[in-house]
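Listed next: structures, encoded as structure tokens.
One chain, chain A, links the two complexes that follow: it is found with chain B in the first and with chain C in the second.
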Partner chain A sequence: MARIDVRKTYKLYIGGAFPRSESGHSYEVQDSKGKFVANAALASRKDVRDAVVAARKAFGGWSGRTAFNRGQILYRIAEVMEDRKPQFVQAIQQSEGGTAAAAGRQVDEAIDRLVWYAGWADKIAQVVGNANPVAGPFFNHSAPEPSGVIGVLAPQSSSLLGLVSVVAPVIVSGNTAVVVTSYSRPLPAVTFAEVLATSDVPGGVVNLLTGDAASLGPWLAAHMDVNAIDLVGLAGDTDATTALEVAAADNLKRVRRAPAAEPDWHDAPTLSTMTDFLETKTVWHPIGV
Partner chain B sequence: MPPTVSTEPNQGRNQGSSPGLSAYADVTASETSLRRFLHGLPGVDQVGAEARAAQLGTRSIKTTAKAHALDLAIRMVDLTTLEGQDTPGKVRALANKALRPDPSDPTCPSVAAVCVYGDMVGEVKSVVGDRVNVAAVATAFPSGRAAMDIKLADTRDAVEAGADEIDMVIDRGAFLAGHYLQVFEEIVAVREACQRPDGTHAHLKVIMETGELQTYDNVRRASWLSMLAGGDFIKTSTGKVQPAATLPVTLIMLEAVRDFREATGVQIGVKPAGGIRTAKDAIKYLVMVNEVAGTDWLTPDWFRFGASTLLNELLMQRTKLATGRYSGPDYFTLD
Partner chain C sequence: MANDPNVFEYAPAPESRSIVDIKPSYGLFIDGEFVDGHGSAFKSINPATEETLAEIAEADDADVDKAVKAARKAFRTWSRMPGKERSKYLYRIARIIQERSRELAVLESIDNGKPIKESRDVDVPVVAAHFFYYAGWADKLEYAGLGPNPQPLGVAAQVIPWNFPLLMLAWKVAPALACGNTVVLKPAETTPLTALLFAEICQQADLPPGVVNIVTGAGATGQAVVSHPDVDKVAFTGSTDVGKAIARAIAGTDKKATLELGGKAANIVFDDAALDQAVEGIVSGIFFNQGHVCCAGSRLLLQESVADEVMAKLKRRMGTLRVGDPLDKNTDIGAINSAEQLARIRALAEIGEDEGAERWSPPCELPSAGFWFPPTVFTGVSQAHRIARDEIFGPVLSVLTFRTPSEAVEKANNTPYGLSAGVWTEKGSRILHMADQLRAGVVWANTFNKFDPASPFGGYKESGYGREGGRQGLSAYLKADTKAGA
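Entry: the complex of A and B
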């Protein structure tokens, strides 16, 4: 007798837990050939609200950790991803099509990218911070500080490498993230959430919402308790991104603008992926005598 | 400003043709009769009470009804700070917040009262004047473990300093030991200490500390005991003990005040305090007040929230309704 399929309905990842959408809605996820794969939760604006609250709650603890500790935790994510490689390969193949070898290469690259950013945790301050020259008996230091809660609209086509490439630089410096994943390819993100939940990342540091960036984006952009937003998930949709930039202006949110088309995530990342979500704190300090 | 200060000692009492409190004179005459009466109250169906409270919590209150509920909830807040670290400056800041909770929005109503320790009453009064009530906790708050003359002196001090409302704690030890008459007489004595020279009296709220009363039956008994002794309000908790206010406990208290008015014609207020943190919770309580006690209680004169963090949550929800976007804690004062 043939075994009956276990038909899955995946959930959101908010505050370290896996709740259903507050709205109760879910949507069908299809593979690259249009065949049903699983159901994913369809996040609503209230899930955005809850995720922002969770991210804000996690911010103090996460940004207060030593940079070294944050780097170790990012390494740990990479380690756990390595263990789950076959699952990621399958999820990418289902979502994006292509060969197992190509999917495997994407997973490798995503893991390498995490390791690359993990290394930056305790180095970014030395590169973009400074001991400023002054003409007096005091020191003047500039140091990068995390902005706070960052809204991220993750790329629509690169379901794992793109996701890791936008989430890792946000959290490595001490920010917390509310991420809206690719609408049509959410499954690698769902597996990534399971990795995050089991790899020492405190709950609320990364919140993954499967849903439609076009409908959730405005709530995230207008939210007064979100400090910055990355619009790359709406790359190419100029009208939508302009509207979001206008909404984001209300609380002077930092905006990482969407490029005309989704970038090639295989390219080596630049420092701006991190510095866009850092603010510079400058302190005057008397010389001790 | 909520007109909660009673100018006549018996305002709200002896309404209609009901027999009034005098009908219960023989009940409170002796320890035995009081015990017989309190233990004769019908028992609380615990599962039923919790299910009813949970069910009332599922009502969906949206748009204009929600806006009305939020404003009402703000008007019902007793903005509270009861910390050892309270400074005069902090208390004055809180008093200013009570007057204008949202300085950016003139349509935002004031809260009902500011609730502080007795020694801070003058400080609050100097800021709010008569525009917002000042409530003081007294009688060796929060434990209630002190000699009777100290408790009474504590109360008189606060009343003399200008407190409009006194929040007293009952002696839970005596209550749990079954010395009901002792608890009763304490409340009566504190009520007398609330009298002002001009014949008016400060409103007396009786804190039962339901988190320490163990059973719902005890909550019902303590409610009746407090009402018979002449409390103007019955209040769940000090906020220092967990669990503090819960929906089922408030449900039982609302039933008690409803039944008490039916029996005596005297209306008593209810104040859940502690543990109410979200606007959604506050609206659940309002729904329950409406469904259990009735619309008569749906005013700041008869229902209050003892809270501090709740106010910011209400303001954030209010701003969300007005602007259409989610607000954040950065835009409201810390307290």
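Entry: the complex of A and C
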């Protein structure tokens, strides 16, 4: 008799732990052909709030790490992903369909993108910060700092490359993230959470919620302890993104607006993927004897 | 201090106001010409005397539309003009501002109420410096950090406050023009006069018509400017409430925004600070410009072990502040800008007393006409008090104490704002630690309230977003070339 396989329970990733949704809700995830794959946890408003608490708690420690250390940890995520490549290929194929070769290319690009961002950790301040030659006897210096807790509505189509492309630029500079994953293609994100959990990324730095961006987005956008939000996961839904942008104004969140359609994640990323979630701090001190 | 036998009285030393020629009425500045407005005209008054200075046209929606159309038309040529030519217009403007600096300073003090020594020595020189600084960027935009061939955004809607009328104009107009944008600017309704004089300066500089348009009016005019559908960029300095309303109004559009909003800055004094210098910094932090400063050091955090000593020194120093005629060269604190603002300051000060904080002001005679508020300090303030949380925007200081650096950080950051902060200590490593921990866009260490065109300014959290000044101030008015990416 053939061995019966042991199936995984797909859960949320909050504060470094893998809880089910506090709501007790789950939803059916199907493969690209419409066949049942798993019941994923359906994140609730309370899960969003728990994730924000975890992200806020992690912010001081993560932003306080040296840039070199954050760079090493992002590189470590890439290493562990490389190691688990077959699992990602299978998860992508299952979610998105297509050939194994295409899924493999997506995994390769996602890993390479992490490596690219890893290298930015200790360079972004040199590129967007500067000394300011003020007209007086003062040391004056501007440097970027992370904005804080960032809400990310991850892209709906690109289940891994898209996800990595929106998470890496947020955390590399010291922000922490609450991410709502693709609704219909959440499983590569859950595998990615398992990579994060074993890559020396402190708990709470990235929190991944499987669920519906349209229903969770408003809670994230209106949350007063979230500092910025990336709306790309609702690309194309102008009414929804406008409503979220209005809600985000309650505490003046920085908003990365959604384009008209999900971007092509194979394109080279821009600096703004990082700078949209950075603040400039300028420090003055007199010069004298 | 009038009663202090050890202090000499000063004789009045008023700056002559004959240098300014205020017209009885002013129109709107659209497409290079002064034109009539179609709203109901309003008066600008001198807050130190309550005399009417001039009647100012109010722009209605149709006037604003005309101004935006003029700006859109001018954008075609201005944005395509080589940067080195644009830069020469800005240098011209900078030079004319320097040439007419005393006139601008006197007019600013008359319309705003700020002391002439501030308008003359701070506001106007920094205004000229701002145009000079951004003039030099106009032909170097490919080095701004947005990749090769960065592009202007288009028509910028700019709404500015009354606390630094001409300086805020410079912060908005200079980078916008340098990058090839054209502007529609709305000055504050209580302080429009220097902006209208600036319009004349644009004429003297032969700036092409429509590049700068100035529409006067109150909130409704401002709303019409920022919500006009053909505007590409909104730049606002003012209250956090209005900033939020603007963020909502532009939701779902492609308009870019920079918002420079309120603050409740902590000014932190450690026990090893040079206390006499710190006291000077505390005074300039809260009493500069009557405290009408979004980055004012309005929450003083004193380390407990030196709190009494600092308070004694501070009170002695406050006793020497001269409140009165803004045009007197010896005046330290001028008039409150409007009756409305005075009422707000009074209301919050009363709330401070009602909530149990202890209020103190030095004895000082206030003029009988005009709007005045004495320099005031509250001690025994807790973090829950309204005067520790709300922006008062007046010469009112709230004093709290702390024991450890981490407690100072926690208290300083315990606010939805994040515009500025001050640190006073002689220990270098502590300065850098505090600068690192404070969630604020500008940290002044062993100094306060310093501004420079090369130095980016702007807030964290609910103090707004975007930066003004420096290279960072350019990216607020540029976009990457879509073909090149950045």
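Quick note on the criterion: the second predicted complex is superposed on the first by the 282 of 289 C-alpha atoms of A that agree within 3 Å, B and C clash if a C-alpha of one lies under 4 Å from a C-alpha of the other, contacts with A are read in each partner's own complex, and residues count from 1 in each chain.
Keep this in mind: contacts are C-beta pairs under 8 Å (C-beta built on N, C-alpha and C of every residue); 3 or more make two chains touch, one makes a residue touch a chain.
These figures come from a predicted structure and were not determined experimentally.
Q: Using the touch definition from the top, say if A:Thr238 reaches chain B (first), chain C (second), both or neither.
A: So A:Thr238 only meets chain C here.
Q: Output check: A:Ser159 vs chain B and chain C. Expected answer is one of first, second, both, neither. What do you get?
A: A:Ser159 contacts neither chain B nor chain C.
Q: By residue count, which of the two partners contacts chain A more extensively, chain B or chain C?
A: More residues of chain A are touched by C.
Q: Per the contact definition in the header, classify A:Trp219: touching chain B only (first), chain C only (second), both, or neither.
A: A:Trp219: touches chain B, not chain C.
Q: Pick one for A:Leu252: touches chain B only (first), chain C only (second), both, or neither.
A: Second partner only, chain C.
Q: Determine, under the contact definition given at the top, whether A:Val52 touches first (chain B), second (chain C), both, or neither.
A: First partner only, chain B.
Q: Touch check for A:Leu271: first (chain B), second (chain C), both, or neither?
A: The second partner, chain C, only.
Q: Could you look at A:Thr282 and tell me whether it touches chain B, chain C, both or neither (first, second, both, neither)?
A: Touch partner of A:Thr282: chain C, not chain B.
Q: With the two complexes superposed on chain A, say which partner A:Ser182 touches: chain B (first), chain C (second), both, or neither.
A: It touches nothing on chain B or chain C.
Q: Which parts of chain A are in contact with chain B and also with chain C?
A: Common to the two interfaces on chain A: residues 250-251.
Q: Give every residue of chain C touching chain A within the complex, in rising order.
A: 129, 145, 240, 243-245, 247-248, 251-252, 259, 261, 416, 431, 435, 440-447, 450, 452, 454-458, 460-462, 464-465, 467, 470-472, 480, 485-486
Q: Report the residues of chain B in contact with chain A in the complex, numbered from low to high.
A: 324-331
Q: If we count contacts the way the header does, which residues on chain A are in touch with chain C in the complex?
A: Residues in contact with chain C: 127-128, 130, 132-136, 138, 140, 142, 147, 227, 238, 241-243, 245-246, 248-252, 254, 267-268, 270-272, 279-286.
Q: Write out the stretch or stretches of chain A touching chain B in their complex.
A: Those residues of chain A that touch chain B are 48-49, 52, 56, 219, 222-226, 247, 250-251.
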